[in-house]
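Chain naming follows the written order as A, B, C and D, and within any one chain the residues start at number 1.
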């Protein structure tokens, strides 16, 4: 390992932070604004990718600003960034997926005509910057700095909708994550006190192994608890499902990848580079952590079964899957470590795909509840195929990313003698199938007419029996004389009402009866509009054209939950949604497959091997 | 050339007299005098600080007598920090006050007097002289608080005067006890006599400690002796709230540390562990109670005032630890808090001037209406919460590390969780600013963007409260939410610059720590 | 203690108490003026003539005039009762304060003792020995005031000035306007 | 007991004056009387200093008088403190006049309440 002094880690962190300024400045011009986002995303990705060859060759890129805070005695804490294998793994992942998510965000935010899009993109850039900062932090203090900044930057995204529900979720989010931050701070202070330093050292800080075990245990517990909040370890997970009120790209990149994995990443740093697997084992802290992780894996899977809201189900799935990684770290076995670390990118690709699909369904059909998705495969074939592939991966079926990581995990847990843990993994795999399969199954193999035969779903169907479904939100905007069921007593049943994120909901019953062809034509028009046209600054994306309610009088099928009265129409893959959304979905899904088929060709596995070799001395 | 030392006190006082007399020639000229005086004071204190960096502490006896018979002035790393802070803050607030007022000449006379009093408190090495400057500071502060229109500020000022005088009198009584026990008033001499002749456990010394500490607690506004403070901060003109919230309690806390460690010394705390424990307990209670009370406030300035109670709890906590790292942290936090809290008051003033909003509820949707002001306010609030790498975080780090080093786990818990307590009241504000829609108060017209009302009726702005004296109340109707035009560039500039400094200055703290390290080491030896 | 001293102290305490319990503000002010005069005499008895003089002029004189001016400008609430109603919480605080203070009584050196730290301290003897040839004044109090602790005296002047400025600010007046 | 007390009774008078002053500041509702209480409080402390300076049988600290002299330093301090006290009183009374002009009352209980409605 050689340290190479370089400004590249700094640049990687700063690019997206700096991009906030032009994004805010071009608030009136959406196309320009999104160009900045794309530029920043590509630059961040390019910078982190550029460091891969060097890191694979054994170098570490370091940007050092000198002393930031005092340590104990003569020790001190530097403000330094480093791109080592573990850090680069996370940075590369976050920046790569940000590129995809940025594209998707454009389609999603414009498709829903969301408010405050500038704030959204600015906060998104800030979040990515902070996440990359977490990845490239050189020591625990710098990691903490970015960890807290990440909280601050993501808060506006959680609260984006500005509804009571969103604000409540935002408050909960802040309380939980800052609470975790306090624990991390306390743990960091103790580590600095015990060792005089906070620098990450492969295999652990030596002085920690010789310090007072009680104090070391306290520090470990505080750190893991603090990071465990964002890693959604039970019982500190409950902010995550609530945070699903955020726009779906946020849920996808941040609450399945960047934010939650900053927590997992923190635990990885603590286990591998602060304490080191050996010391953790000596302190006897691995087993309790593994137990918590295994518990979370199983319980979260069971809870996921009972969620009808698709995003909430995905959230609990995330809670469960994150603990796979933690379990891998806690078992302290080289192969389990490798499996856990490899699951970071694997889960990221798969979960991102799933969230993107949920978002696409939401934008196109305003459907959020699984019970309303029967037969939706006709309407959105490409989306649901991608969903199916990612689900398979989640369950650990071979040829998709999830398999490789789970394989390592399973072997590792058997090697560690933790048959119980292996059992938990297997049970969870089965549960994964149980909560994903019905979605895929009903999407393709059931029609929206089939009543109640779906397994494991308890909520009543909405939309099917309702004579005239109506969002009920914008009743005032209904054309005068529209003889629709505004006062429909059943309307409280609709997902729209339970999910205020659908705040632009409009439906005209009289229009809904129009021929599918007409609707189809409108849909095409919609698709065309979604392509940004830089030459056309008076195009539909200028703010004054955002009067969604007025524009979309003719596109009725977008605005109520569940299938339209005539059932889902059948659409071709190319017209089911805009390419802004389908493209990212397919890219992410492809990524998941590539990781599953040729893991050794992708940088992630090799980075993981370097990390494991550094931490344990074992070459996989 | 050490004659510069007394000039640091004399300069603002002379400027104050000039400001007052200038009113004879031309009214409203006080601001310009204050500007010249403050700039000169900044230059002078900066020069003194430079000399301290270069040559170490400066000691000067007024009138060329010898210690302990004459009055000694001492500028070391810590007092240099204070006098520079006082001068710079006074200058910064002036930039705000130019448009915001108050504008009378006597006001600026009192303003400069406060600067002189605080500078005197910072550099004196004589216990009774400290009392005299404490009273000068007090008088100037009471008067400034009372300078707002309307009876409310007069009531607050009188209350402050009564409570503050009791505090100062108790401080004087504490001096009396120390003097009766030792027969001297010079701080260094007192420390020597107490240590060699009287002993740390003597009743008189303990009583002296108790009265001095309680008296200064009143001035610092440590819970439950804070009762004067919220109303004083809330009812004073915005410029004054900022100035006194940034400086008065800060320099009083400095005086507290100075007296505890220079006069009574670490050995006293070691000989009387109960004293240190009581300090720590008072600090912890202050942190928690101040935060809880801050959450309960509806008026923004009162909330900020209670926040100060909590933040000074942290400083006192650091002072109780008798640990170098924590002590440096106390000073980092004193400076950081002064900058952040003062600017928060100014930001609240900008908001009130621009929109009339003074309560938390009225801050709804402020991010849309006043993006720059609201953004700066949010940044300052987050810095106050202690989000890294801001100044607020760095101060907290030093204090917390000090707590770890001394093994004060209970105090450590309070210090780190103060982050959450602070978050509790600031998150509420931030949520309203950015994540709620602005709703025009009932009965108002001409404020909704698309409300095609008669232009010109926007004089009826969302303002139920008294504005500063000069608020002319005329705003143009640009078809947007009501925005008053009288927020000057200077008012914005101060707030924005402070927000930027709050974020970036954390990087300079390590350098600063190197600078004060020798002083702190001597203080704690 | 001599009878005169005792009577004097009793007078001071009695007038002090009277200011507290008299309901009529004017009565209270008059009692306070009497109290100030009494305490001025106490200063003289305790061999502090300078302080006594100042107290008589400032405490009994200026302060009383200020109080009288104030009630002339405001209001003199006259009630049917002669004495104030007793405020128990306030009494509790006052008694607690006195009790706490009284615990230090035994530790204080006896009044008038020649061996107290104050009397024997280096600072005191230095002033008494050197005041004349260093400051050229025979009244040591004046010497200390003007020379050794001239900085305090400067502060004192500033305090008076501050009060002047303060009253102007409080009444929101420009200078002499 | 009496032997220990008798030479220190002036300190007890100090404490009693402090007590009376405290009582007035808290217990009396009239603002003017609160300020009088503040003055009593301060003179109590003055007595503490002057009593501490006193030496039995000594003359004032004027060198033309015969030795021994009382300690001059506390006298100096108290001269300063008296002036501080009167300055504070002046400002306090100024505030009281303004409060009366605005609220028409000097009753503290009423004023502390008015504040909340402001």
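Everything below uses one rule, namely that a contact is a pair of C-beta atoms (placed from the backbone, for glycine too) under 8 Å apart; a residue touches a chain by one contact, two chains touch by 3 or more.
Keep in mind that what you see is a predicted model, and the values were worked out from it rather than measured.
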Residual chain clusters - subunit B taken out, nothing else repositioned: A | C, D
Label of the chain whose CA centroid is most distant from the centroid of subunit D: A
Chain whose averaged C-alpha position falls nearest the assembly-wide average: B
Inter-centroid spacing, subunit B versus subunit A (mean Cα positions, whole Å): 44
Computed distance of Cα centres, subunit D from subunit A, in Å: 69
Approximate Å spacing (C-alpha centroids) for the pair subunit B, subunit C: 31
CA centroid of subunit B to CA centroid of subunit D, Å: 28
In subunit A, residues with contacts to at least two other chains: none
Sites on subunit B at which at least two other chains make contact: 128, 132, 135, 139, 142-143, 146, 154, 157, 179-180, 183, 185
Residue numbers of subunit D (touch at least two other chains): 18, 22, 35, 52, 71, 73-74, 77, 80, 84, 87-88, 91, 95-96, 98
Pairwise chain contacts under the document criterion: A-B, B-C, B-D, C-D
In the complex with subunit B, residue positions of subunit C that touch it: 103-104, 106-109, 116-124, 126-127, 130, 134, 147-152, 155-156, 158-159, 161-163, 165-166, 168-170, 172-177
Parts of subunit B lying in touch with subunit D, wherever the complex brings them together: 128, 131-132, 135, 138-139, 142-143, 146, 150-152, 154-158, 161-162, 165-166, 169, 172-173, 176, 179-180, 183, 185, 231, 235
Complex contact set, residues of subunit B against subunit A: 325, 328, 382, 385, 387-389, 393-394, 397-398, 400-401, 404-405, 412-413, 416-417, 419-420, 423, 427, 431, 434-437, 506-507, 509-510, 513
Residues of subunit B that touch subunit C when the two form their complex: 6, 13, 16-17, 20-21, 23-24, 27, 62-63, 65, 68-71, 104-107, 109-110, 113, 116-117, 120, 126, 128-129, 132-133, 135-136, 139-140, 142-144, 146-147, 149, 154, 157, 177, 179-185, 198, 202-204, 207
Touching residues (chain side subunit A, partner subunit B) in the complex: 65, 67-70, 72, 76, 79, 119, 141, 144-145, 148-149, 152, 156, 159, 162, 166-167, 170-171, 174-175, 178-179, 181-182, 185-186, 189-190, 192-193
